[in-house]
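For reference, chains read A, B, C, D, E and F in written order, and residue numbers begin at 1 within each chain.
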Amino acid sequence: MTVGAPDVKGREQILKIHARKVAVGVDVDLRQIARGTPGFSGAELANLVNEAALYAVRSGRQTVTDLDFDQARDKVLMGAERKSLTMTDHERVTCAYHESGHAVVAALLPGADPLHKVTIIPRGRALGVTMQLPEADRHTYTREFLEAQIAILMGGRIAEELFLRQMTSGAGNDIERATDIARKMVCEFGMSAALGPLAYRTPGNPWETDKGVGISEATAQQVDHEVHEVVMRGYETARQVVAKNRAAVRAMAEELLLVESLDADGIKAIIASAA
Amino acid sequence: MTVGAPDVKGREQILKIHARKVAVGVDVDLRQIARGTPGFSGAELANLVNEAALYAVRSGRQTVTDLDFDQARDKVLMGAERKSLTMTDHERVTCAYHESGHAVVAALLPGADPLHKVTIIPRGRALGVTMQLPEADRHTYTREFLEAQIAILMGGRIAEELFLRQMTSGAGNDIERATDIARKMVCEFGMSAALGPLAYRTPGNPWETDKGVGISEATAQQVDHEVHEVVMRGYETARQVVAKNRAAVRAMAEELLLVESLDADGIKAIIASAA
Amino acid sequence: MTVGAPDVKGREQILKIHARKVAVGVDVDLRQIARGTPGFSGAELANLVNEAALYAVRSGRQTVTDLDFDQARDKVLMGAERKSLTMTDHERVTCAYHESGHAVVAALLPGADPLHKVTIIPRGRALGVTMQLPEADRHTYTREFLEAQIAILMGGRIAEELFLRQMTSGAGNDIERATDIARKMVCEFGMSAALGPLAYRTPGNPWETDKGVGISEATAQQVDHEVHEVVMRGYETARQVVAKNRAAVRAMAEELLLVESLDADGIKAIIASAA
Amino acid sequence: MTVGAPDVKGREQILKIHARKVAVGVDVDLRQIARGTPGFSGAELANLVNEAALYAVRSGRQTVTDLDFDQARDKVLMGAERKSLTMTDHERVTCAYHESGHAVVAALLPGADPLHKVTIIPRGRALGVTMQLPEADRHTYTREFLEAQIAILMGGRIAEELFLRQMTSGAGNDIERATDIARKMVCEFGMSAALGPLAYRTPGNPWETDKGVGISEATAQQVDHEVHEVVMRGYETARQVVAKNRAAVRAMAEELLLVESLDADGIKAIIASAA
Amino acid sequence: MTVGAPDVKGREQILKIHARKVAVGVDVDLRQIARGTPGFSGAELANLVNEAALYAVRSGRQTVTDLDFDQARDKVLMGAERKSLTMTDHERVTCAYHESGHAVVAALLPGADPLHKVTIIPRGRALGVTMQLPEADRHTYTREFLEAQIAILMGGRIAEELFLRQMTSGAGNDIERATDIARKMVCEFGMSAALGPLAYRTPGNPWETDKGVGISEATAQQVDHEVHEVVMRGYETARQVVAKNRAAVRAMAEELLLVESLDADGIKAIIASAA
Amino acid sequence: MTVGAPDVKGREQILKIHARKVAVGVDVDLRQIARGTPGFSGAELANLVNEAALYAVRSGRQTVTDLDFDQARDKVLMGAERKSLTMTDHERVTCAYHESGHAVVAALLPGADPLHKVTIIPRGRALGVTMQLPEADRHTYTREFLEAQIAILMGGRIAEELFLRQMTSGAGNDIERATDIARKMVCEFGMSAALGPLAYRTPGNPWETDKGVGISEATAQQVDHEVHEVVMRGYETARQVVAKNRAAVRAMAEELLLVESLDADGIKAIIASAA
C-alpha cells in the first residue's frame, strides 16, 4: 500500500517553519490548521502562510488570525475570487443550479467527503465552485468513495438538464475528471469484474514504462466499455439523487442566487428544511 | 465551470492603460468599447488602441474618435481590407451568395449571436466575411448555440449549391471549423447521447496528457459516426433555412454586389423586406 | 473564403520594384506581365525579372524586351531547358504521346485553364511538359475544375496505353498529384457525398493540429474508397476524351516529334484540323 | 542461462571494503550478512554499512553491532519507518488484513521465499509491508515460483474482499507487479502453452531492438488472454488459501493491530496456532 | 515525366574535367566511356578516373589506357575484388549456380538490359556478382522491364532450389530488392489494375509529405496482396526460364567454377551452345 | 550474395599485426589460430592477443604459448569464468541438464556446427555455456542449418522439462534468439512457403528504410503464424532428439556435475558410450 504528500504531522512541522517568518496571533493553533489541510503539498502550505499574512496586512492588522488562515485556505484551494467577472443573468442561474447539483449529491451520498463550501462567485478559472474537505488524511480510496466522486461530478450536468432543460460546455471539466477516475478504477485499481485485477496500459501513456497488458483492440474495446459503464452508473446515481431531491436543489440554487456562497452549516440547513 | 480571457471589467482596465499613450477624444467611452469587444485578449486590445490611433493620424485628426475605434475593431476582428484584390465576376457572385448564406442562417436561427457585418471586400486571407458579435461575454456554450454555429458555417456552402449549383474549395475553412466544433461537442462536452458524458481522446492530440478513453477502434468508429451526425444535422438545418428564405438570400447577395458591405441594420432591413 | 499569394495589383507593384534595377524596354507593359503570372510568389517574380535580364544580356541587348520576359516566365514555370539530354527514339515517342494526351484532354475539357505550351524538350527534372496558364487569378476552385485537373493528369498515362500499349514509371508524378487533389476534395473541401462536408484528418499529417475526425478504420476505409472513386472517374473521363480524339492526339504527337514545342495557337490548329 | 548483480562472495568482498571505514564489532560476521542480502547491488551494500553505522551512533555506541546491521537491512529493503504518519482506524484495519493476506499466502504456498517480516508501520511510500527474503542467491525462476509470487501479490486484495467486503486503490501497486510478472512469463519466458517458447514484443517497449513477433492484433489478443489467465489463476489460488485459512489471517491481522510488526518466528507461531 | 543524374553529355563533360588531372592515353575516347556509364553520378565518375589512374600506376604505365578505365568501371560498379576470401567448395558451387540463375534469366528475358559480366570472385560485400549494363540512358521504366528485373533477381534462388535442392540466406538481398521494385510498381507507378493509377503511402515512409491514400487496413491488405502477386509472378517466370534452360545454367555454373568470371561474349557462347 | 567480418586471410594479417607487440612462442601458428576464429571481428582478434599475453604473464612465462591462445579464445567467446558464483545444488543440476540438452541436440543434428565445449562454470552473464565452433568461415546459411540452430536453442528447455519436470526463466535468452532466427527466415530470407520470397518489414524496425511490404494486419498475422510454426518445429525436433537420447543427456549431465566442463572429445565419448 502506497502514499504521497506530507501527513498531518509533516504538515504541522512545515507550517511551523513558515509561520516563524510572520507574526501569528495567539488564537492560531497550527496543529488544527494542519488537520484541516489534508492533501496540501509543502509548497501549498508555504503559500497558505503567505496568503494569510497578506489578508492580515490588507485588514491593517499586525498579527495573522485564524480567520486569515481560513480565507487563505479557500484561496489556495479554489483560486482567487473574481467578483469583477460579469455573468449574464442566465449564466448566474445556470451556475447556481449546476453547483447545487454537485452539492446535493455530495451531501446525500454516503461515504463522500463532507462539503466545505458552495459558491457562485467566480474563482480562478471557475464560474462556480463546490468544495469538499476530507476529515482526515486519506491514503487509499475504496470503490464506493470513487463511485461517489463520479456521481458528484455528474450532479452539475444533471441539475442543468432537469431544471433548465439544457446541456452546456461548462460540464467539460467535470466530464474529464469523472472519465479519468473511471479509467483509473478499471486500468489501475482492478475494480472492474470483467477485466479483473490486472494493470492495463492505455494509449494515453504509450511512452511510459510498460506496466500491463492492454495491447489488443479486443482488450481496448473491453476497457472502453467498462469505463463507459462506470461513468454511466455514476451519472444514473446522480440523476436519481437530484430527481428525488428537487426541492433541496431548487432551494439551494435560489439561496445561492441571493447570497452567492454557502458554508457547511448553510448547506445542511437547506437540505434539512427541504427534506 | 471554467472561463478564459479578460472579462468586461478587465478589458476596460486594459483599454485605459493603453489609452493613456494616445489622445482620446471626449466622445469616446472606454467602458462602451470594452462591452463591444468580448473575447478580445489583452494583446488584441492593445492592437485595437494602436490601430484606432493610426486611423486618426491618417485622417489628419489630433484625437482618436469613436469611429476610429469602430474601424480598428473591424480590422482586428476581420483583418485589413484588401480592396486591391481583383476577383472575377463569377468569384464576386460566388462570394456574395456564400456570405449571404452564412448571414441569413445566422439572422434567423434562434440563439445565435447577433450579426455585426457582412462584406465581400476581401479582408486578410478571406474573400468575404460574415461577422457576428455577442451582446455580452459568453462563458459557456449551450448545445443549441453550438448547433447553430455549425448551421451558420454550413450556410455558405448551401447557398452556393442552391443558387449557383456549384461546390467550391472556398468552404474548406467553414468545414474545418464546423467539424472541430462537432468534435468538441462529442468528445469534450458530453453532448452525444450515444457516447454519454465521457471525455474521448482523439488521435489528433495523442501527445497530451491522457484524459479519457477513446482507445478502441469500436469507440473511434462511434465517435466518427456521432461527429458526422452532428455536422450533417447542422447542414440540414442550414439547407432548410436557406431554402425557406431564398428571397432574403438572393436580395442580400444582390445588395452586396452593389454596396459590398452591410451592417446589422442593413441586414435586418433586407431580411424584413424579403419576408 | 480564403486566399494566398499576391494578387494582380500586388504582382504589378512587386515587378515595378525589381524592374527598377534593370533597363526595361519601352515595349514592356508590367501590368500585362502581372496579368500573365497568376499564382507567382514574390520570390518567383524577382526571379522572373532576373532571368529576363539574363536573356537580354545573352542576346547582347541593352534593354530587356517583352520576349525576354516571355522566355523567363517559361523558365520559372517549367525549369531550364536541357536540350543536351539524349533520349532514345522510343523515349521521344513515349514522351510525345504522353504530353499530347495531357494536352488534348486539357484542350477539350470544359472549365480547364487554357493551354500555354506543350514541349518534349526536357526542362528541369521533366522529360516533357504540358503547361496551362489561367486567364486570371483564381481564388477558389470548383469541383468541376478539380475533376478536370485529375483527368488532364491521367491523359498522359492513357495516351501511352492506347497508342503504345505500354505503362511506364513516367506517370508516377502525375499519379501523385492526381491522388493529392482527390484527397483534398474528399478530406478538406467536403466534395464527397458519402463523407459529407466534414474535414477528415489523414495519417499523412498526424502531427498537425487536430482538425477533423478520420479516426476509425471504418472512416479511413471510406476515405480510401472515395479518393479511389474520384481518381478513377478522372481516369475514365481522360480515357473517353483520348479515345474519341485519337486523330488529334496522334497528330499532335507527330508534330511534337518534328518541332518539339507547340504554343497555344499551334495546339488549337492541330485540334481543329483533326476534328 | 543468464545472471546479474554480485553473488554471495562478491557481496562479502564489497562489504569488507566498506566495513573498513567503520568500527565493526567482534560479533559481526560479514560472510553471514552477505548470505542474508541476496539481490543487493553494490550501492545497496554500501548504503547498508552506512545505515548500520548511523544506528550505532544514534545508540551512542562506538562499534557497529549485528543488530545495527539488521535494522539497516530492513531500512534498505523497505525504506525508512514513518511512525508519524497518522492513519484512520479503518485504514489501520484495512492495512492489517491486507498485509496478513499477503503473509498467509506467502507462508503456505510451497516454493515461495521465506517470510522475513510483516508490518503495518508505514515505511517509505508504503502503508504496510510484507517482506520475503530468499535463503540463497536465486539465478533463475521456475514457473511455480513465479505463479506463487502472483498469488502472494493477490493475497492483500483478497483479504480485503473476504474480511472487509471492500476493494481499495491500495492494491494498485500489487496489481501492477503481478501483471508485469505474468507478462514476462508469457512474452519472455515462454511459459504459456498456447503461445509457446517464443519471444513476443509488446507495445510497452516498441522502441527497443526487435526481439520477437507480437506483430498482429490476433497475436496481441492471444497475449492479452494468456496474461489475464495467468493473473486470474494466481488470484484464484490466493482466494483459496485465504478462504481455507481465515482463522490465521484474522489472528495475524489482530496481532498486527496490537504489536504493529511480526518477524518470521511470530508469523510461524500465529499460523501454527490458527491451524 | 521526370529524370535524375547527369545525362550522357553531362557525363562526358564531367569526365573531361577530371581527366585533365591525369595523363590519358591517345586510345581513350571519353565520349565512349560516357556512353558506357549510364546512371553514374558525378562522384562516381570522379572515382572512375581516379581508379583508372591507380590501375595505370600499379601496372607501371605513364598514361591511363582504355583497359584501365574498363577495370575501374567494374570496381566502381561492383566493388573491389576480394580474391583472398576463402569460400568452402560447397559455397563456391552454390555461388556459381546462384549467379548462373540470375544470368540465364537476364540473357533470355526480352527487354532486360544486356549482361556485362558474371563472376564468382567475391567483390565488396558480395560473394558473386551478375552485372547488367544498359545500352543507353534510361529515363523511364516500362512495366515489362520492371517485371523482368524481378524475375532476374529471383533467378538465383530458383537455380539453388532446382539444382542444389537448397534455400539459403544468400538470396536475402535479391528478395529485398525485388520486393522494393514490386512495391514501387503498385504504390507509385500505378501498375496494379486492382489499385489503379493512385499513389499509396505505405508505413515504410510515414514521415514524408502526405502524397496518397493508403490509409485503411483494407487498402493496406490490397497493397500487400498486389505486391505479393507481382513478386510471385516474377518468381514463376524465373522458374520457367531456369527449368527450360537447365543445360545452359549447368554449363555456365561449371564454367564459372573453372574460370571464375565470364564477360558478355562468354555468356552468349555458353547459352548458344547449350540451346 | 553478401558477407561481413574479416575472412581467414584477413584474420591472419590482423593477428600478425597485434602479435608484433608481444613475445609469441615458436609453437604458435597464427594461420592455425586464424582458422579457429571464424566470425571474430578485428577488435575481438586484438582482444584475443591481449588476453593470451595476460595468461602468459600470470603463469610467469616470458612467451605466449598456444595454450594461452586457447584459453584467451574461450574467454573472448564465452566471457570470463566466474568460479566464485555460488549456485544452489538444484541450480547446478538444472544447469547441467539444460546445457546437456543443448549439447546433445547439437551433436546429433546433421548440419550443425561441431561442438567446442560444454560447461557449467558460470562465465560472463551465463550460468552455463554450450559452445559450437564452425570448421570454416560461413558466408551464407541454409534453411537446414538455421532450423538446426533453433532446435539446439530449444534443447535446454526441453531437457529441463523431460528430466526435471520444470520450466524456468533461464531459457529466456534461448527463446529470444530462436525467435529472432525464425523471424529472419520468414521476413528476410524468404524461407516460408506461405509468404514466399518477399521481404516483410516488421514493427520491430519501423524507422529503417522501407524494404518490404508487411503493411496490413492480415499480413502481420501470417508472419506471426509462420514464425510460430518455425520455432515450434525446432522445439519438436529438439524434443524428439532429447527423448530418443535420454541416456546420453543424463550421462552428460552427471559428468558435468562431476567435472564441470567437457571438450569436444569428452562430449563425443559420452554420446558414443550412451548409444
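One rule holds in what follows: contacts are C-beta pairs under 8 Å (C-beta built on N, C-alpha and C of every residue); 3 or more make two chains touch, one makes a residue touch a chain.
None of the values given here were measured: they were computed from a predicted structure.
J.: To get from subunit B to subunit D along touching chains, fewest steps?
T.: Minimal hop count between subunit B and subunit D: 2.
J.: Which chains are shared contacts of subunit A and subunit E?
T.: Looking at subunit E and subunit A together, no chain touches each of them.
J.: Same residues or different residues where subunit C meets subunit E? The copies count as same if more than half of the interface numbers are shared.
T.: different
J.: When the C-alpha atoms of subunit A and subunit B are each averaged to a single point, how far apart are the two points in Å?
T.: 36
J.: Just the number, please: Cα centre separation of subunit D and subunit E in whole Å.
T.: 62
J.: Two-or-more-chain contact residues of subunit C, please, as numbers and ranges.
T.: Within subunit C, residues 206, 217 contact more than one other chain.
J.: Connecting every touching chain pair, does the picture come out as line, ring, star, complete or other?
T.: Chain contacts: single closed ring, each chain with exactly two partners.
J.: Round the ring starting with subunit E, subunit F following: which chains, in what order?
T.: E, F, D, A, B, C
J.: State the interface residues of subunit C toward subunit E in the complex, per the touch definition above.
T.: Of all residues in subunit C, those touching subunit E are 82, 84-88, 91, 94-95, 98, 122, 125-128, 154, 156-157, 166-176, 178-180, 182-183, 202-206, 217, 220-221, 223-224, 227-228, 231-232, 235.
J.: Could you pull out which subunit B residues touch subunit A in their complex?
T.: 1-4, 7-10, 136-137, 139-144, 146, 184, 188-191, 196-199, 201, 206, 209-219
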